[in-house]
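Structures for review follow.
There are two complexes below, and they share subunit A, which is joined by subunit B in the first and by subunit C in the second.
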Partner chain A sequence: MSIATQQAASPPATGTVQKRSGFLSRIVAHRTDYLYVLPALIVMLVVIAYPIYYTIELSFFRTPPNLQMRDKVWTGIDNYVRVLSSPVFHEVTIQTIIWTLASTVISFLLGLGAALSLHREFVGRGLMRALLLIPYVISAVAASYVWKWLYHSDFGVIGAISVQLGITAEPINFLDNRQTVLASLIVVNIWKEFSFAMVMLMAGLQTVPDQLLRAAQVDGANTWNRFWHVTFPHLKGVSMVTVLLLMVANFNSFIIPFVMTGGGPADASHIWITHIYQLAFGRQQWGVASAYAVILFIVMMFLGYFYVKALTRGDEARA
Partner chain B sequence: MAAIETAQRPVVRKPIDWWRWAGRVFLTFLMLFTVLPMAWMILTSVKSQFAAMQYPPQWWPSEPTLNNYFKLLDPTNRIGREFLRYFWNSFYVSLLTTILGVVVAVPAAYAFSRFRFPGRTFLFFSVLVRNMFPAVVFLMPLFLLMRWMGLVNTHGSLILTYLTFGLPLSIWLLKGFYDNIPIQLEQAARIDGATRFQAFILIVMPLSSPGIIATSIFSFIGAWNEYVYAYTFLSRDDQMTLPVGIQRFFTEFATDWPGLMSATFLMSVPVVVLFLVLQKYFVRALTEGAVKH
Partner chain C sequence: MTKLQGRGMRSAAPTRRRLIGRAVATVTVASLLSSTVYAQSVDLSQWSPEYVRSIAGTEEVDTAEHCASVVPLDYEGRLTYWWTGPNEASPQIERDINEQFWAAWEETYPNIETDAQNIDYNQLLDKLRTALLGNAGPMVLRLQILGGVEFASKGYFQELKPEDVGYPTADFWPGAMKSVTWEGTTYGIPTNNETMAFIWNADIFERAGLDPETPPATWEDVVAYSKQIHDELGIAGYGLVARQNAGNTPFRFMPQLWAFGGGALDESTDSPTYETVMLNNEGAKAALQASYDMYVRDKSVPASALTNTQNENQAPFIAGQLAMMIAHPAEYAKMVDLAGQATGADKEVADTVVANMRYGLIPEGPERRAVVFGGSNMHFIEDEYVDGGFDEMAAKAFACFWNSPEWSTKLAWTGSNPGNLRGFKTEWMKERLDTIKFLDVTTSMLPNGVPFPVVPEATEIMNIIVPDMLQNALTERMTVEEAADDAAAKVESLMGGGL
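Right after this comes the complex of A and B.
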């Protein structure tokens, strides 16, 4: 990133900048530059810009269940009203917030602890990091099946252990119970993603200058003070990006709830994404699902704004 | 990433360092949390169905068997034939997605890193922000688009839609790598008479091969693990990729948990091996951009 910033400050080596000319002539002057991005732009237009446009359009129509879009009927903001006033929407929204926040905060804290513990060199450190990362690498479908088996109501190993240790009298039915299902899924999600936070923060720890830590120690700062006053301020930028990326990923998760419970029992483990999917492909209500998706777009734009800000923060400070 | 390997000088020399012990205890707990579910998956996969369905469970398989694996890898029975077919479909779709994505992303990322054309910032951040939208909200229009193009139930629909997440990610990762290649090298080549394109192909491309490897791994793993599009666009049995495929043939009848666990294990092997062999690149790709070097 820093190199790009320096280039921006000094005259670029390739292409010429004509400061006095207008926007159009600058486009003409840089016309060959666009050849490099053209293939990417075409693909993005077809698979990204067009779907966004079409989703917004559909959100104002009632769509026929057979998905012949010629027969769709203009209904104005009717779909939005239906989404926002539905009680299920409110329930699912609360679950989405719990799911996103709990997964993000706990994953981040576990990742931070792991990064700090793994920062020091010791035998087997590389192996440990690799092992901790495996859940992040494997498919969420695989993770879902493995945990579904661990949670199994009759033969699940977690239920059996809790009975053996005398915690509960009978195996717990984790996934068919409205009270436990969301928390059980959050555990799986944390298992899958905390090592992402760990890797990000381990890379962040490399940027903490050793001299500062030693200077603080010479000055008599204890371990906690060294962490809080030296290490942590250096991790702020990475932490912000990590938390945002975790939030986006959690908000967008689909596979774990969909494969493990399908949103059930009685919608207790639905989050926005799985609910949209159910409306669109379970009940064929594409108009309503599209309105839902547009609301989600708007929320994501807010998160996206903070994400871009977090990423460009360093550049602006230096430029 | 070589920096990660450098030792932190031991800063504390006290009789007992409680923080250090807390760290060890914490790491032990995390290791158990991470490894035990995977260990149970492997232990279950070497049990017979009868042994797996016992209460209390057999903590250690009394008669370990590899039958579940033989069944999955044997092309002469139905389950083995389908599993190998799904495996091949996954491999082929992931490989094509990766190649196509990288070929399109390399020039774009290079342009975003080096050139200052009008609209560059806007375009780049719209690429970036795309990463934040979930697949599900693109599903409906893309489904209609695929139907219109006649691509439903083909691997073409998967490869094209996988680019929706693969391409922005690849551009973002590669740009980070290009930013770290000194521009002076190209300037020297230009002075020696190379055109801008020649400088790109002859100087920058070879230097960016670690970046291209990292991006390819990332993109391959992403495509290999993808579920939503494959689940929605494919309904023909012989077209399925692994994540969708294993779901289909284990829930038709009573679930065969040991079989499912061995299929899950085999499905994870390629990505885990790829990750372990190229771990350095993978970690670099993951942290690229967020950490200023």
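Right after this comes the complex of A and C.
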């Protein structure tokens, strides 16, 4: 190594030592504060860190149905190989992506539309707001059962109406058909969560300065231009947060597909979480289910990383 | 969920007086058993509806007196219990008897603090698996006949035989005892056993041009009748059930599979070894083809069959929109209940359905007539997996009480039969026969009963792989041949220790 290189490398090393020293001294200075949060940290370690560690550990073992968990058999990366080479994995992954993207995008757009509509003053606005919030506050299990009956392939209300109106000759088979089941469940999911997006965006709309909108109007901007050049930029932050939260919620959705179809028929409505649940609790393949869960965890971390990068890009540029 | 609390829990440490009492009780039970253990209270070789009627009401029993000889009635302790009891879909009488049982239990053993959880049939296995992983299981458990061996093979269950709670093994169905035996050890007591029967609506049969009093004799007839009913009246013929991960599906499809000569393993043979996979033999494929013909080709069964359990068949049946189904004797009581709740024009339809409800034997196939030998068993969980520790005396008192001829009969009132065969001789059995229509038909199916394979993998085979096979074929994701071969490959892999 040349002297020049050594000289160039030295300052950061010194800086790191100083930084570390400063970091430690800050911890010492605030030791009482850390003591206060210690119980919470311990609880988090127990309920978050340990399950993650145990899931990762379990993903390297096989758990035959005649053996207790403590007698599990080491298989190395066999579970990961099985998962990644399984046709079901690919099928369920595609379904999960469709479920997540469709639910997130459509819920967001509907929520945005509803928020913009309710931002205006009109008679009955409070009532409309309350009505649109109903799907969000209804229990997901109860909503799933109601929709299951609405969709029922033999006696469902929707099917009966479509027959009565002459739209179809027979009741539409929503849930017992591999081609229609996922789309049917996505509709229920959107119905259930678009009002969450609406509430978030309504809060965001409160931050749009009224003066700017009026100034734009005075300058001759039409409704679309006012929305696109004034309102929407102000909603960027809350929109990103809303989309992130919707995506995480949809990736981890369980209740609607599980209650309404259990992942069927013939796996057509399984998404990752329901498939993991079936592997673990239905088939007791705890090791394979854990491998799935670890892969899902990694995917989520990647998504989160890139999302945060995108979210903070503007801040970094400004800095 | 039913949560029961007895009186406040006091110290369970036995006093000297109680210890002496227990010693005396033990000696008494031992002497009683020495004379009764090999004697069978009923003669299974004579089993027929007539025989069952002839023995009903011939014996009087005193449950409290008998159980006092096993565990003193003043025993102070604690009990936790999980079971699948009556729910909203159960006939009212089942719910009434359930309440009577808990009142009687509290009256008989007032010092045993009891926490009982009534858990849904389709949730109990999952909940138990999870609880046992966390050493948070109950002391006593009543589990569907299919589920026990998985936990026994893992060492979760204690060795337990009827003699441990004062009853001879000979007083239980041999097939039921087989279901609680794993590698030569008995680890449970059969609480109730039943077989289902074939139910049809005679009025629908008549309107569809069929003989109203004659059920389909074979499974081919079921397919043909279902089509005729659908074509003539535009309603569903047979109540096919094919939901995944639900016990209802194998209970209705396996009799069809066995009748055609198929099987999951070789459980339908006289001496099963559970080493041969029969899900893709010619018989199994023929049985699957029959379901395919009804669902896909003829569209003569409910389109919702893939998401239906038997509960979902009840509404269309009472509405006169479904002609045939396989169910328990309790189905009649349920239909009477539903008819009682109906009003106006619905009431008229419901009353017509009840009046035209008929029970018959499940149809034959080319190989045999078969039905699932169903029921439930009671198990004791090993101390280390029990939340709060195991109270042996409380558990034995409870097992004695529940499995007594009296309560074994009453608790199986409309849906099953007493696990303790002495129950067939009680006054309550006579009352059941007198008041429950068609009970003799379902009871007479018992000799055709085939138990599910007694292997730890049975729940996955029956609740996952078999329904998957049906769904793969009925959704045309695979051909019938492919679906059967796929299911057989999965069972082979599972039994070989793979996925």
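In this section, the second predicted complex is superposed on the first by the 278 of 319 C-alpha atoms of A that agree within 3 Å, B and C clash if a C-alpha of one lies under 4 Å from a C-alpha of the other, contacts with A are read in each partner's own complex, and residues count from 1 in each chain.
Note that in this section a contact is a pair of C-beta atoms (placed from the backbone, for glycine too) under 8 Å apart; a residue touches a chain by one contact, two chains touch by 3 or more.
None of the values given here were measured: they were computed from a predicted structure.
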| item | value |
| --- | --- |
| Three-chain arrangement built on subunit A, subunit B and subunit C clash or fit | clash |
| Partner chain in contact with A:V37 - subunit B first, subunit C second, else both or neither | first |
| Touched partner set for A:P265, first subunit B, second subunit C, both or neither | second |
| Contacts of A:R82 with subunit B and subunit C, given as first, second, both or neither | second |
| More subunit A residues in contact [subunit B versus subunit C] | B |
| First, second, both or neither for A:L67, with subunit B first and subunit C second | both |
| Touching partner for A:F281 - first (subunit B), second (subunit C), both, neither | both |
| Subunit B versus subunit C as contact partner of A:P135, first or second or both or neither | first |
| Partner chain in contact with A:D154 - subunit B first, subunit C second, else both or neither | both |
| Subunit A residues contacted in one complex by subunit B, in the other by subunit C | 67, 69, 152, 154-155, 171, 281 |
| Contacting residues of subunit A [partner subunit C, same complex] | 62, 64-69, 82, 148, 152-155, 171, 173, 175-178, 260-268, 278, 281-285, 288 |
| Touch list for subunit A against partner subunit B, complex | 1-4, 7-8, 12-15, 17, 23, 26-27, 30, 32-37, 39-41, 43-44, 46-48, 50-52, 54-55, 58, 67, 69, 110, 113-114, 116-121, 128, 130-135, 137-142, 145-147, 149-150, 152, 154-155, 157, 160, 163-164, 171, 191, 194-196, 199-200, 202-204, 206-207, 210, 213-214, 217, 223-224, 226, 237-238, 241-242, 245, 248, 251-252, 254-255, 259, 273, 276-277, 280-281, 286, 289-290, 293, 296-297, 300-301, 303-304, 307-308, 311, 314 |
| Subunit A-facing residues of subunit C, complex | 126, 129-130, 133, 150, 153-156, 236, 243-246, 302-307, 315-316, 321, 456-457, 459-460, 463-464, 468, 471-472, 474-475, 477, 494, 497, 499 |
| In the complex with subunit A, residue positions of subunit B that touch it | 1, 3-4, 7-12, 17, 19-20, 23-24, 26-27, 30-31, 33-35, 37-38, 40-41, 44, 52-57, 104-105, 107-108, 110-119, 123, 125, 127-142, 144-145, 160-161, 163-164, 167-168, 171, 176, 179-180, 182-183, 186-187, 190, 196, 221, 224-225, 227-228, 232, 242-243, 246-247, 257, 260-261, 264, 267-268, 271-272, 275-276, 279, 282-283, 286-287, 289-293 |
